[in-house]
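Next come two complexes built around subunit A: one with subunit B, the other with subunit C.
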Partner chain A sequence: MLLIHCPYCAEARPEVEFAYGGQAHIARPLDPSALSDADWEQYLYIRNNPRGRHHERWRHAHGCGRFFNAVRDTVTDKFEVTYPAGEAAR
Partner chain B sequence: MKRFSAFNLFAEALRGHQGWPEHWPDKAPKSAYDVIIVGAGGHGLGAAYYLAKKYGITNVAVIEKGWLGGGNTGRNTTIIRSNYLYDESAHLYDHAVKLWDGLSQELNYNVMYSKRGVLMLAHNVHDVQSFKRHIHANRLNGVDNEWLSAEECKAYCPPLDISATARHPVLGGALQRRGGTARHDSVAWGYARAASALGVDIIQNCAVTGIRRGPDGAVQGVETERGFIGAKKIGVSAAGNTSVVMNMAGLDFPLESFPLQALVSEPVKPIFPCVVMSNTVHAYISQSDKGELVIGAGTDQYTSYSQRGAFHILEHTLAAICEIFPIFTRMRMLRTWGGIVDTTPDRSPILGKTPVPGLYVNCGWGTGGFKATPGSADLLAYTIAHDAPHKINAPFNLDRFRNGRLIDEAAAAAVAH
Partner chain C sequence: MSGYRLPTGGRVDRAKSVSFSFDGQSYTGLAGDNLASALVANGVTLFGRSFKYHRPRGILGMGSEEPNALVTVDRGPGRTTPNLRAPSVPLHSGLVASSQNRFPSLKFDLGAVNDKLGAFFPAGFYNKTFMWPRSAWEKLYEPAIRQMAGLGDSPTSRDPDHYASTYAHCEVLVVGAGPAGIEAALAAAQSGDRVILVDEQEEIGGGALADPAQWAWLTDARAQLLALSNVQLLERTTAIAHLHQNFVVAVQRLTDHVAPAQAQGAREKLWRIRAARVVLAQGAIERPLVFDGNDVPGVMLASAGRSLALRFGVAPGHAVAVMATHDSGWHDALALAKAGVHIVAIIDVRDDVSSDLLDAAGAAGIAVHLNHAVIGVGGRHAVKSVTIAAAGSSAARTLSCDCLLMAGGWTPTVHLWSHAKGSLRWDADWAAYLPDSIDDNVIAVGGGAGAWNYGSGVAVSNLPSPKPVHQQKAFVDFQNDVKARDIRLAVQEGFRSIEHIKRYTTNGMATDQGKTSNINGLQIASEVLSKPVTAVGLTTFRPPYTPQTFGALMGHHKDALFQPLRRTVIDDWAVANGAVFENVAQWRRARYFPQGSETMDQAVARECLAVRERVGMFDASTLGKIEVVGPDAAEFLNRMYTNPWKSLEPGRCRYGLLLREDGFIVDDGVSARLAPDRFHLTTTTGGAARVLGMMEDYLQTEWSDLDVWLTSTTEQYAVIAVQGPLARAVIAPLVAGIDLSHEAFPHMAVREGTICGVPTRLFRVSFTGELGFEVNVAAEHGLAVWQAIHEAGQAHGIVPYGTETMHVLRAEKGYIIVGQDTDGTLTPDDAGLGWAVGKKKPDFVGKRSLARPDIVGAGRKQLVGLLTKDPQVVLEEGAQIVADPAQPVPMTMLGHVTSSYHSATLGRSIALAMLVDGRAKLGETIYVPMPGGTIAAEVTGMVFLDPKGSRLDA
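The block that comes next holds the complex of A and B.
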């Protein structure tokens, strides 16, 4: 089980308190009706899925309840950093 | 290849079994092939076999970064079934089940396909309605699936607890009698041996590090740890690592890779006659011919390539197993392991061409690729040989994520594949 540092609670807590939120920093389209099918595919379905450094969202579901972002290595599962939502990608 | 037969077995017995040749020689890569398959699991080896057998394309290499059958082929819970809801899926998976029948004879290798039946338990009213809908849809597609009452489930699988006070009450179940299990390693070994005998080169411990494309965009070959290998056609069957391989060709894929765990108990005498799946409480169990209970857990919530998962996932599965089969509460578990499964947004595979000329893909099988092994191998070979998909795999194209024609088994199957 992962130990995850919540940047709001400033505490490392067990993974079962958290819900994974998928790839981070995917911007919601500002003008949806202007999007082509290819744009929608990119936004809805295409994911980086890298082997290595991954930017991802987590939610401290059984804690403060808030979303934050993280950088984790997908080979070792080690977290590099977690930071509040809204901040630029690390 | 020396065939396995009663006569050969007898003749070899007389001389201490010294005359059996190696199943497949470990080959050094040539400078070029007609077709390269990336990934020596059951799907990739099978594709190489069918390319050689059905289409006479024998100048084929299967390139594997690890050892043959060491990925998800050797890590799954070996369940075979085809009772999928949607027409496209039913045709795809039933194509595989039809090929499982007779596969041992075709490969001259015992893959131990056992039609012991797959029983899917219904624990609530929604399950009952959903499974009955599945059964009707399956029967319209010529796929066997039948409804059993709770008492009939108990008769079919005696360790089941169907008492009214059970934590997870059993309201009935859907049984596919043609479903069952096969020996996963044998599938890889059988295909490897048969393909090798037809002239296919199997190259292990040789990771692909790049895909070379020409000025016209078409593939020219693969860069590997052991140098460049040329090929006009490349089939990628790399399961959890498909995104990584596709990135080498400049393609981003609608895939996410998750750890999926399984575990086996200590071996015991035959007690469990079939495969039981419970989607609602997430428990999948059968007994191997060695006597181990083979139990499948769920995926972890986060993407990973670590080939290991969290303990609380196993705990969750075992809690369900112990409630449904109280007889197993004191069983000791022997081994656990994890594999990396590549999942698509609609939980259906991607099997066909890619935007890159000469590059073909077979991926996205998620948590349920083993059952499809012969079928997907056959269809990947067809697609490569004809440079066009077969009508069975045509709906499982990459374009569906753009045009919206998803085959949403994620909704239809809830969790289990």
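The block that comes next holds the complex of A and C.
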């Protein structure tokens, strides 16, 4: 079980307290109706599947309840860093 | 034969004899024995039959690596445990054990015919042989193979034991209490760190248990460990998995070492240990040698012979030969000779062995055959002799003996290192993989790290033999009956990757997970492929290290504790009034309230008619509820739901439809605006947590500029639905501060006041199509208000109803249940809810997707009603729909039935269904093929009762 550092609670807590939220830094388009079908498809479905550094969202669901972003290595499963939602990608 | 117990020596207590039984026969062992040592002491060599060929097998090893001697231990009804390794079964008085995979008896086993037919069962035989006819696989071949090739039988009755679990934290966790692990634990303890030391055996010591010279040290070290308050010593505890960031799972066996009558408390305890540092001191496992006849009972690892003689005081045989390719076999032979065991000869493939060993063997009077190998073993149920020959020579000689020890070198145990994703490096001296690097704070020590000097040796994949390989019964994987020639065959048939060779031959796939077979298999594959071992690869070690009981993994999570059960505040009343319950999203809900001997159908019909004709009451407390508060609350809901919310007046309610961004319905519910900045949202019972999470996601990560707070209030309110033409009359005497008249309080409105003197949010809403109210009161008042309404309703013939009745009533009105009538691929239009989409709204979650080409096109499934031609036939939910019942299979399926009931009000069956282009098929006949015949039905609209909705306005 992973230990995950919640950037709001400032504590490493066990994975069972958290919920995974998919790839990070995909902003919802401000005006979806202006998007072509291809661009909307890109937003809806197309995700990275890297070997190595992966930016992803987590929620401290059974803690403070807040969403944050993380960089995790998909090979080692190690978290490189976690940081509050809204901050630039690390 | 008897007399295998040596007159002296061993750690057994010779003053305490222990009686036990094996295959129905009584034996006597000593306190401190395990099942294997006690049986060998009694002259038993035959422990079981092999997996595939049913060959007679004895013990190979004396630790958890043992592949052959699998037994079932019977501790009473529900307490039989199959597939235990005899050397890992501690002996206690009254132990009842039996062998496995034999019929009718261990000595005379009909399945042994497989051994004679061995040529027909090569690697992958089941893939090749049992292909035709295909239909025979399920009914004939598979059951027959399962019957023949088997492990022990699962217990058939319920396990009466209970199992505990706990979490632990420490600075240093040491796995394995041999000399290296004990020293590591003592050293770590000096610094004051919290130390946990786990060891799988009955007593700590590891290899030192079979070395009397270390016993004084061991006694002292154990006393030190027990005296240290910062050391927790867990004996009989196997570390089964080493997961991320030093999270180690271990299983402690608490009662299996004592007789059932003496067992107290939990049988096993699962430890979840998080350690700042893990020290792996798992030791090494001796490697068997591969030669013709290496599985005859009496052929065993030299380390097993050493353990039997020096730890348990049992001679592995009266005349013992030793086949070595490693110095450790010589050390073991000399130690056994010193303990009084007759060593017939030491055979070694090497022609160059250190003079110290040669001198010592000479001094002990042991015959030595260098540059020789065992080429055959005499005997079937027990070793009678071994045949040896010099390398390259066909001149063979036979040595009479009843035991042959194999010393093929050592394989460091790197399982837990590999679980934690540590990398390995091939070490040519050890001819094995050793721990290399790892990210977490883990170190490997002792034999498991290669830090152990037990002399040198040579790695030999197959002992040299004048016999062709394909004629040899030379086993690599004893438990899965994989022979050297099976691995050669796999390579010849084109398998190159060791992962494929493993799966094709099943080498290393048995319950021992290749502890004794992996490296030998690898070396044979490497040789046949003419590639270095490192180029062949290594299969992955996976948890658990040894097989475990399901009980230990499950712990307390069974029966009532299997998952949380949520009860409403009205649950006690429902129990007292005879409700039949169903579980919905962990809530226990009353399904119907049968009276007398009513069946479900009868009770539901009575409850439905009562609501339509008079009035019913329903516990709707499980509805998800979210309080949405803040200046931007209306703007937020406007963005989340398909409907317009900004125009909703305070005091009014609206049916809300929630989509995902892909345009598909995810939830729905009626919500009320209590004030300009306050909404009382409801969600489906099962969707409450999901909807709150989704809303939090948007609020926190997309629209953090909105000033809105979300609070789950599901459990803060009890909700009582009062539905039916007399609903107003029932609650009127109880309500104060609210004008209940239709004009003042119309359908889809909300008012605040009191009921029975307590504050209420009173909704005028209906999920039945009747005049209806939903009474929201603080949960602590819920039961009292329920009882008061029930009391007040008696004069009006009120009836409590359950979820089954609720389902029928709403289906009569064509109201959908998200998750039953939708399946995550329905848009609002598909569900006939296009009216709930705000056409003028610039955006909401999922809006863009409603313009996707695949969603606006024809050919989508739409929700429709179905009326069977025979009104008494009720369709099955989930049944498939076709247009042409005469079409040969596979038929073109047009959709399926989502809801189906008998409607007492209408006196006939009704159904809802998803149907391709359903609304274009109104009036057409479709067919539902069922095992009992095809059912014809007409496609209709979804509203079966009161299509104008006039009953709502009563």
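The rule is short, and it goes like this: the second predicted complex is superposed on the first by the 90 of 90 C-alpha atoms of A that agree within 3 Å, B and C clash if a C-alpha of one lies under 4 Å from a C-alpha of the other, contacts with A are read in each partner's own complex, and residues count from 1 in each chain.
We take it that a residue touches a chain if its C-beta (ideal position, glycine included) is under 8 Å from a C-beta of that chain, and two chains touch if they have at least 3 such contacts.
These figures come from a predicted structure and were not determined experimentally.
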{"item": "Touched partner set for A:67, first subunit B, second subunit C, both or neither", "value": "second"}
{"item": "Touching partner for A:86 - first (subunit B), second (subunit C), both, neither", "value": "second"}
{"item": "Touched partner set for A:77, first subunit B, second subunit C, both or neither", "value": "both"}
{"item": "Which superposed partner A:57 touches (first subunit B, second subunit C, both, neither)", "value": "second"}
{"item": "Which superposed partner A:25 touches (first subunit B, second subunit C, both, neither)", "value": "neither"}
{"item": "Contacts of A:37 with subunit B and subunit C, given as first, second, both or neither", "value": "both"}
{"item": "Touched partner set for A:16, first subunit B, second subunit C, both or neither", "value": "first"}
{"item": "Which superposed partner A:3 touches (first subunit B, second subunit C, both, neither)", "value": "second"}
{"item": "Overlap of subunit C and subunit B interfaces on subunit A (superposed complexes)", "value": "1-2, 19, 37, 40, 44, 76-77"}
{"item": "Complex interface listing, subunit B residues touching subunit A", "value": "241, 243-244, 247, 252-257, 301-306, 310-312, 345, 401-404"}
{"item": "In the complex with subunit C, residue positions of subunit A that touch it", "value": "1-3, 19, 21, 27-28, 31-33, 35, 37, 40, 43-44, 57, 59, 61, 65-67, 76-78, 85-86"}
{"item": "Of all residues in subunit A, those that touch subunit B in their complex", "value": "1-2, 15-16, 19-20, 22, 37-38, 40-42, 44-51, 54, 56, 72, 74-77"}
{"item": "Touching residues on subunit C, where the partner in the complex is subunit A", "value": "243-245, 247, 272, 274, 421, 439, 661-662, 693, 696-697, 700-702, 704, 842-843, 847-849, 851-853"}
